[in-house]
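In what comes next, chain A is part of two complexes: it sits with chain B in the first one and with chain C in the second one.
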Partner chain A sequence: MGSRVKIQSGYLGKAAIEVKAGANRDTVKSLLEANKEAGIVALTGLDMAKKIGLMYHMCTNGVIVTIKTEIPKKNPKIATISDLIPGAQFHEREAADLFGVIFEGHPNPARLVLPDDWPENLYPLRKDAKIDEALANAETAPRQTEAVQAESEGDIVNIIIGPQHPALLEPEKFSVKVEGETVKQVEPRIGYVHRGIEKAAEQRTYLQDVYLVERICGICNSCHAACFVETVEKILGTEVPLRAQYLRTIILELNRLHSHMLLLGHAGLEIGYETLFQYMWRDREPVMDLTEQLTGNRVISSAMTVGGIRRDLQETDIPKVKTQITTLKKKMDFYYKLFENEPSFKIRTQNVGVLSKEDALKLSVVGPVARASGIAIDVRKDEPYEAYGEIPFNLITRDEGDSWARLMVRLDEVVESINIIDYALDHMPSGPFRVKVPRVVVAGEAINHVEAPRGELFYYVKSQGTAYPERVKVRTPTFANIPAFINIAEGGNIADVPPSFVSLDPCFSCTDR
Partner chain B sequence: MSKLATWARLKSPWVLHFNSGACNGCDIEVIALLTPRYDVERFGIKLEGSPRHADVLLTTGSVTKQCAERLKRIYEQMPEPKFVVAIGACACSGGVFKGNYNVLDGVDKVIPVNVYIPGCPPKPEAIIDGVVKLLNSVKEAKPNGK
Partner chain C sequence: MVKELLAHLFKKPATSKYPFVKAEVPEGFRGKQVYDPDLCISCGLCSRDCPAKAIEMVEVDGKRSPLFHLDLCIFCYQCAESCPRKAIKSTAFFELATTNKDSLVLKPGGPSQKGECVQQ
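Take a look at the complex of A and B:
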């Protein structure tokens, strides 16, 4: 790497390495040589007036290392790293869409998040992009209609799933090419839920952004809010009171509980086992009640705020919460019996959609998907945040790597979450639950990651010393797990697509933002 | 004959759910309606997968530009008479995403809407209330016209 490298410490992970534009590949290569299990977390683009900054946030042994580089805006070309780390493909396509960076040698530089009729050469996250003007002047005439291209070539039949499909809660399109019963190729078209939240976050104050980022995903909303406020607190240097950390932990675990139970029920629906769906969602309702009791809302909790939490826990609430979670824990025995013994459930999930450990590492997958393939990663253990450092809990892993293992990991985590809430309630410290923070955030930048129900959620925030952030970058867990779906589905049976798909717990409102 | 059709429509409306760029918050509440605690099937409301069989379209989410075309197509595929319920602040007006570069600020910018249910997300009770209000308006309307 030579003298071009400057190692700094700071908020950009354990180390930030600045390299020249041409050296990004070599740096990634040497990182991979040092640790074969290294992967990419995110690729952050940054508008720096005449230049475009690119930050490769790499993950090695559970810690994040950032490789920074700059390219001229007039000629934004850089070599791809997607041949070294296949998981980087989607990251690069996103940066190409939003910043207009050209990745030389990219295998499939197609549009990822922007709509089909988006004008050429308009990159929304560039500060000088005149979006309204460009959209008004754009040729309104022939909109490229998203016609159903279900034509077949010889024996290969192209099946289009989505954007509206009974099995998909969210609008996304998948073209699945099948030969007989075997899936030959899967081509996802995401971007149907792209709302431009990263841009919108730059136009709102930090406090408004807490509510905006919560609405990136209604399922893991608290995790988004917590990750964002923690990042801002890192820039501010705010020390959050211990009581607030415990309260945040409880809200985050309630979030995980409802998300995992939602998915386990949904899995029942996808494999044609509707009773499981109805039972699981019935038992999930008490979790929604608890969220409502503690935060005031069933779904979007709006509990987090910069400097602490918005509502204190009442002493009178504790017994009620405890009874509810104890009942829930007892009910889990029934689901263990069902998941481990029910033949109709096992036939549809065991040995279906196997993701080997090697592939999982190569594709940089996160969360329960990685843990079901035997990779022991969990941000709560690797870099404990909030009160997780003080609370004992088990890191769940399984080695099978199939759909069944992915669902079982979640079932185990439901029990762990209940234990965490129980412990946090017993050891709740007294004291204030929030501190006052200035509205204007000092100049600086920070990264942060938390373990959302679907895996590692990553935020990057840059402040210029105003009340508005300069840049907010969000890398959501499903964004990292989509390449794994392609890997799992290809070569498998078409009928196995729904169970293996749902076992990844995809969330597209997260993915598209 | 039309009396009979109205009666059938009121007793068992088939609904189609389409997410046109929502955060999933409203969607999970719509799904919660079908599960044991709220169980709207007791009113004969049935979730249907195909627009061609649906009477009521439940839409959630601020409409993204990529979704708008499809939303319109789904509406056009539904048989007459058809009704649209916009669920959540985003579907009503764009909500927190109003003014973003890739959203159209509400379902009514693309297709006509009969009932608006505000909230972020609205509680399942509110959604049931909205659907019942829609059914009542169908009952009061004269046959052969809205």
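Take a look at the complex of A and C:
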């Protein structure tokens, strides 16, 4: 490729590769040749006045490599890479919605996150988008209604699940084509709870954004806040005190504990085993109480801040935390027995919704879903952040790839999380728990990823040297995992759709942002 | 299963009897805030940093003072952290549900700012 390429190592991940717009496909191809297991993490769009910047954040061997390219805003066309990496389909559709980029050759360039009645040629994340005007005209604008509803062609019946459905707790839509009881095709549509948080973050200060991004997802709130503050700290070059790193680790693991237990209980509900749901949520309650004790609120912890953590750990709290997690660990024995032996649980989950390792790699899935298909990825191990580099813990993988394995990975991780908290409490360093940072962030850009309960969470932040960020990009784990659901559901039984869906631990308020 | 069944026959329910028994919150809980007008220096930092834009600076008896819109408040306590004089403090009061939205506006100098709970 020669002169068309500029490589900067150690920038935006392991390296940033700057290429001309036409060379993006070749660069991705050569990356895939070097490592067949490479996947896409995120596709960040960036308004650069006359141009639109596109950044393909690729994941190879656990590290991120960014491919940067620019296209003119007047003619924003670029060749798709979704035929090379099927997992890129959703990312490209999102960039098409929000930046108006046309991906030539995309197999399904339909809207993904914006509503169907959103005005055409209005791309909300472009800096010159006149959103206020569009909102003022929204009342008079003709409303398009969603065309496709339940219909049948021959033996194939199209069933619409959602946006409002008793089996789904959040609004999302799946058009499921079935022949008899067998699922033939699944077409997901997200965006029903799109709140434009990425745009809202540009209009708030870095300090306020910590609380804003925390509210992207109620369940993994600490992970969002931690990932954002770490990204800002990377731009600032701030060294976070060791004690703060340990305290953050504890909060993040409490977050993972309650999220995994919530899902395991919820899985019980979906397969019609409500006793499991009740038991699991009863045992999850002490974790919520601990979060409340340490941070001041049982759900939204608001513990993270740029430069450290907002509250120090009181010596008097340590024994209470220790007793609670020890009791919890003992209770996990009961769930191991249940998950491994209970026939009514196994019959609904074992060999149901199998995702093979090859498909999982192709679709760039993350987190427990990938680990249950035998892919050993975990940001905590691959690129240790906070105190994870100093704390010994096991990376859990299973090879079955079915719903049961996905739930078992989480059960194993509950035990690992308890061990991590226990170790962090024993080895808690003394010293300051936060450092003072300036309100105005120096110009620069950075990426960061953390392991949220649902998988790898990715942030990109660009600063122009003011108190307000220029761009905040969030790629949530569920966004990467939804394409896998299509793979899992197709060919299966319609009655298995809810349990295998829930085994992915989907979070749509995250996905839509 | 029989063991599990018998054990549960003699156990107390896992749920608590709220609202008949008051729920205890730990120390440092981020509940409704109280503000001390004597400590306030009218700098307006709380209002500037509030992520939810829930704090308005209003003029009361010739002094600029914060007015809290608890219906907008997200209870992050950034205001308390930004306050240079520690004039904003947390309380353990969390039962803020009301049928009257006006009762969620904490006016400087009003009765709700002295620490007691308003219930309508």
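Keep in mind that, in the parts below, the second predicted complex is superposed on the first by the 503 of 513 C-alpha atoms of A that agree within 3 Å, B and C clash if a C-alpha of one lies under 4 Å from a C-alpha of the other, contacts with A are read in each partner's own complex, and residues count from 1 in each chain.
The rule is short, and it goes like this: a contact is a pair of C-beta atoms (placed from the backbone, for glycine too) under 8 Å apart; a residue touches a chain by one contact, two chains touch by 3 or more.
The shown structure was predicted, so the numbers you read here are calculated from the model rather than taken from an experiment.
Look at A:Thr80: by the touch rule set out above, it reaches neither chain B nor chain C. Contacts of A:Arg310 after superposition: chain C is touched, whereas chain B is not reached.
Residue by residue along chain A, chain B and chain C are tallied for touches, and B comes out ahead. Applying the stated contact rule after C-alpha superposition, one finds that A:Ser373 touches neither chain B nor chain C. Legend: residue contacts after superposition of the two complexes on their common chain; A:Val299 is shown touching chain B, with no touch to chain C. Once chain A of one complex is fitted onto chain A of the other, the partner contacts of A:Asp116 are limited to chain B, with no touch recorded for chain C. Of the two partner chains, neither chain B nor chain C is touched by A:Asn448. Using the contact criterion defined above for the overlaid structures, shared-chain residue A:Leu212 touches chain B and also reaches chain C. Residue contacts after overlaying the shared chain place A:Arg282 against chain B and chain C alike. On chain A, the surface patch touched by chain B in one complex and by chain C in the other comprises residues 211-212, 215, 282, 285, 300.
Listing the residues of chain A that touch chain C in their complex gives 204-205, 207-212, 215, 282, 285, 289, 292-293, 296-297, 300, 302, 310-311. Across the complex, chain B is touched by residues 114-118, 124, 131-132, 135, 143, 145-146, 163-166, 169-171, 191-197, 199-200, 211-212, 215-219, 221, 262, 265, 277-278, 281-282, 285, 288, 298-300, 507, 509 of chain A. Across the complex, chain A is touched by residues 14, 25-26, 28-30, 49-52, 74-78, 81, 90 of chain C. Put simply, chain B touches chain A in their complex at residues 17-29, 31-32, 35-37, 49-51, 61-62, 64-67, 69-70, 74, 95-97, 99-103, 120-121, 123.
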